[in-house]
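Data block below; observations after.
To keep things simple, chains are lettered A, B, C, D and E as they appear, and every chain counts its residues starting from 1.
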């Protein structure tokens, strides 16, 4: 599977200013996305997934945000591009799909206008050509009465429909890379399935690279080619999707998988990950960041400066603690619900 | 005898319009549902967004007025009770809310939150009250000193437990849980679900568990009712529903659960397409000519389907 | 499968994060903003001066007319000169500041209370109650309030500081009621209100002990900002001749000296200090108010 | 009191003797500085140059509210409307400096032997602005309007009602007014009165109404109500004065043009404008030459003095301010005033003492820079023939006041610094005073201080000043809370005070009655009083009576100030002047 | 849409009736009446005479009877007779309304001309020096009493500099219709309008700035940026349109402010309009005029809010008017 890399992220660090100090929410992330590849990024809420996506798109507020590292796309480092140069890339070569279709559309513009807008800036098309293309796009994202929807306003559409429109906007100028930040989280199960199917279909047709951000491992299993597991701003595991589900290595990945009900027999106890993701100010940036939540693993099992290890070919995992990790319930057979106060 | 019997419950919201803002039509949020809850069981209510799950739950607890139908709780029709009579049942039926962030008043500390129902129904001295609250707090696995903390000092899962402690304060018989974990991260979700199972045994609780996540419903429930557009399309035990879904809508819901095995994902996708196909071609078997579901029909002792 | 509005939830959570210690948050915010801190200090000085100095000033001599001493420019005896009755302007400025402040604060509080109660009831019950109450409110908001105030002022038989406060309060709560109501409407959808209902808590208790504390930061912000406006509330009316009775010194009566060019230019000491004082107070309150406002909104906070 | 003819400005021949007698105020007990020292105001402009052929001039109407624009003598109500009317319309009879009718005007008069009938003869060539001659029946028309049952204006007063047959006409019983006869040639009109009174000479109505222009109410052509709001009196009113109205911006300004056919000949100015200027801006407007003639508020006098391009004229106003003592009640049944022997201020010594206690001189000198001066009698000095300049009345003397109070038994028994009444009860007076004007409040305070200085405790009613309407509502209704009040009367041009102090006068707000008073007031308007010496003597007695009884204590008389651009010629505010409005002009 | 307007217009009727009852009662409760000051113009008129006139005018009837008469006529477009002005209230107002409408209209226009650009600048470039200056200006606008500001403007520009006339609405010597006339009217309007407008920008700038700050972080703005829309266009095409909604919604109530403003401005600049008429009528107790003026103002606000709603429904597709 040797494909051309589309996007190459090297040691990306995104820091936010809080009361004058900068704290990294994305802390040295590196990975590559290839043509026609779906890379899923998973992790609990607050792990820095969105911060990563927004950094790639240059959508962070320039004040109070510090971006370091490289985001190489089409031979340019997006982080250092001027605003006007960046605008030539955004919407044309990279499209973005947002989580909440309820708020991602301008309530005052028609659907048609909103899909045509990127074409205004990136393609030289006449009005009628734009309309034609827009209707085509609407059909492609599975909207049947596209003529009507073209004239409608966002509030007249259901959530699922709106998400399709958001996808159509992202696809408007045939991007080579699609960034989808939790595209199905806000949707109902059945709609989520439809959107997933749609994205798979589109990806098959268009051969774009996709970064799919989600915290739903089910979505990952359904969609991804490669999976990046993030925890507290760091990548903790990267693997092909099959490999990851069959052979999860990092304790965090394993815990996540174990806490999903549908994976277990009914009425059996679920695994519980103690504690919560630390906020970026309270994060202890030394040692293994997941260590506090697996307190039963002896300290010496963690690396001092955890690094990525290639455990099996193309399967990377951070910190050597994965080697000795076990679930306490497997060992002890009982567990106590002791609240760990943050 | 069943703890709760719901008979043909309807909740309609008026739609106003026209020149004098008269009621021109109704949203049939809940349009005639019937089910029974046996003591000690967990009954799951599933369906897509907007199908009327929340409305049903709220009608049972009295947050909404039922338009018609019966809600017999231990033989007494809750719908016909006056405000003051209804109050007596407040103790017996409690609710766990979806959102642990908004369901706790951020301005009150845990003590005041948990003591609220006690203050409404029991005349306790400050000391007794404190003891009761400490007992409850301990029961939900929080440290005793946490009663002087405020909700924001807890994680989502811990908050949800505070909410549960509050609901337990009056020793209810029935707890309505409306999407108790959908606002929580997967990791925290597990915490709350496990805990709910534990206290069910301990307090001999009956749950009406509302969710749109079939995975969770399957994990938690003994019997399941599938709702669609304000009506039931299928009802049965968890295994009947999962292993032998009859109604196309049920099948659709089940097919929509993301496949956890990456290898089978295309299979699942094709299954979904097939079900969609069925939905289109065999529409008439499932819906009458007005597009309404048929009434439930028993196909076994425990399993009923809304089919002709 | 998280809730669609998880981000907003987090915001609410963050807002609540500072709720219990809102006062402390405000203080932190003010400390962080030099302008606000300076304003607060200045304001404290003015308020103290206004409320303490009348105790030291002999108010009988202050109201004593002396026609041999009219329109005297500032001097050692009369720091800010004298007015048309030969009375000391400085003393009047102090008492006037106290009166204007008292009026401003009282109107803010009373109007705030009315607006709060009205808005809470309307928003809490929603539905038909809300509908009726909003129709009434809409009607009230249509009233040309200045005209009505003028009419009321001419009717009131015993017109003094207190009736003035009542009249003003009667016309200044509409916008507050609307604001509170719209927030209450949002709040009533939140589950903690539903929770209280299912726990059998009576409505009035829910309104005032559950809902109100959650609106308090909004109320505090709104009150501080409207206080700034209400300090100068009587100046305009006084200018039109419907303000406080002459003999009740207020900033308005002093500023209203500025009626003709001669006084504006040649007798500036009579009106300018009062005008500046009002400006300073309003600006100060505004700066403090902005800090309070930022404190209530996690996104805008500086500290 | 008088007719509605407040003589204003130059033009209409307003003869009057100069009111310089204030300088010889003999009432001072100790020699005091002359309050108006340094005030030496002319009443005529000093510019004696030739008037320009086609000059233009602007009058300022100094007010903060717009004028109403009811430009008819019969219907107008505001003084500002009168200011406009007086520029384009005249009375048929002119008056002299005593406000008595003369034969100088557009008509001449003769009075019958029995003093009951007056006959007016209109001169030839007196024309309305539209060229129609002014007819005798036009004056009749004014009477027909004033007495009309539908008339709601306030000019149907004693002098109108006094016309024979008027009450019947007014009640709607007849269509004719029997006492008015118009000659066939429309040149003469005679009016017969029920009662002969010297007020005829100062109070007779001689302003005609152009029937042909405004329409005839008598024939039903138009109703009174329509007439009031008709464009004929609001948009294009006509008169027979020296200037005609060309254009009106409602409430704001009026443009006049010379009336070439004016009965006294072509007026000097080509056009004039009257425009509203707020009191705050008036000096500025004068300084910039935007207006040529303007009355100047007294409080701006010091600044007005310093303006180079204007000249200040001044005369004593037809008004006085006073402190009234509530002594009784109005009996609505009997329609007369009834004194209350138990009134707080029933003892006249206390009233006198309060008069002595008031330092009006300081007010006049310091607050008004001499533009107001202590008043002595209730007949103002303008009526030089009747004002008793030698009358001795209380003037500021606290010691005298204290002595009087002691004598009356009002002493401080409880040592709180204030006197108790003769029975030793607490003695607190409620003082009602009107708001309005910047000086109202300090003056009220000042008087209260004056009284406090002699030990009388006076407090403001409700602790504040009262707005005009509420003030008069309360004073009129004999609000029991009011013990004393400060008021002012405009006297009009008739010296007869019975409208304000008579037993049956409802405006007699002090409710003072006294048989002597009745007698004197009756005598003052009797037929005998056509003899001016007799009348003078009667009024002298009356003034003395009032100074003794003190139902009210007059406080100050006032000057009115007028700023006139130095380019204005032939302008005088002297009521006795020989100048007419048509003589007014500007030089360059 | 038409139906909506009709419905709202019908709804206006009970509102106006209620308003008229309230104001009628209140004006009757004011001490004194139009005839209280009658003796000022004619000291010879006796109280009995005046009382007789009161009877004739029906001023002595109970208020509800007077109201009945009044409303009966009002329905037919006759708002009664002004006693002081001796003419029908309708024609009295008709003569003045032009001035006030001109004044308010231009004031509103200038307010928006100033406030919208400033609001946008402040909202877009928050915390820059430009923003700080605008915010400071705005605080001053908020804190300065209108009448003080107007007086200072008058003092400075008319008295000291002499650039503008000191009052009134126009020079009577200039013929209407000419260019000169327009210039003259404009010169007379300039100071009153500017005084009202410079002070009146507060609410609009404040709202706009806050709303832009709120809108800036909305998701749809991120969407727009991710489409490659240049920053300028992000504001003009997306943020601004959304941010102007609350201002449009506020339009109706802005009228209340303009009405109160006109009371001050007109009396300071001797500009004969409704505001000045109101003050005059209050002090002269010309209650038919007071009632009519309050009604007109009320109606103006109601119509303003209706207008707001219509504008909103045009701009905002989410608001549907049946």
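Operating definition for what follows: a residue touches a chain if its C-beta (ideal position, glycine included) is under 8 Å from a C-beta of that chain, and two chains touch if they have at least 3 such contacts.
Protein names from UniProt, one per chain: A, B = ABC transporter ATP-binding protein; C = ABC transporter permease; E = Oligopeptide ABC transporter permease.
Note that this is a predicted model, so its numbers are computed, not measured.
Quick one: which chains contact chain D and chain E both?
C
Would you identify the chain whose Cα-based centre sits farthest away from the centre of chain D?
A
Measuring from the mean C-alpha position of chain B to the mean C-alpha position of chain C, what distance in angstrom results?
From the centre of chain B to the centre of chain C is 47 Å.
Averaging over Cα atoms per chain, report the distance between chain A and chain B in Å.
That gives a centre separation of 31 Å.
With centres defined as the mean C-alpha position, give me the chain B-chain D separation in Å.
Centres of chain B and chain D (C-alpha means) sit 89 Å apart.
Quick one: chain B and chain E, Cα centre-to-centre, how many Å?
Going by mean C-alpha positions, chain B sits 55 Å from chain E.
Among all residues of chain A, which ones touch two or more of the remaining chains?
Within chain A, the residues that touch at least two other chains are 45, 100, 159, 189, 192, 215-216.
Quick check on chain D: which residues sit in contact with 2+ other chains?
280-281, 284, 467, 469-470
Among the residues of chain E, which ones contact at least 2 other chains?
Each of 30-31, 151, 159, 217, 267, 279 in chain E touches at least two other chains.
In the complex formed with chain A, which residues of chain E make contact?
217-220, 222-231, 237-238, 241-242, 315-318
Looking at the complex, which residues from chain D come into contact with chain E?
1-4, 64-66, 68-70, 75-79, 82, 150, 152-159, 203, 225, 228-229, 234, 247, 249-255, 271, 273, 275-278, 280-281, 284-285, 288, 290, 335, 467-470, 472-474, 476, 489-492, 494, 499-500, 505-507
Going by the contact rule set out above, which residues of chain A touch chain B in the complex?
Residues 44-45, 159, 188-193, 196-197, 200, 215-219, 221-224, 241-242, 245, 255-256, 259-264, 266-267, 269-273, 275-276, 336-339, 341-342 of chain A touch chain B in their complex.
Which residues of chain B touch chain C in the complex?
58, 61-63, 87, 90-91, 93-95, 97-99, 101-109, 116-117, 120-121, 150-152, 163, 166, 170, 182-185, 212-213
Within their complex, state which residues of chain C touch chain E.
Per the touch definition, chain C meets chain E at residues 138-139, 141-148, 150-152, 154-155, 228-229, 232, 235-236, 239-240, 255, 258-259, 261, 264-265, 271, 275, 278-279, 282-283, 286-287, 299-300.
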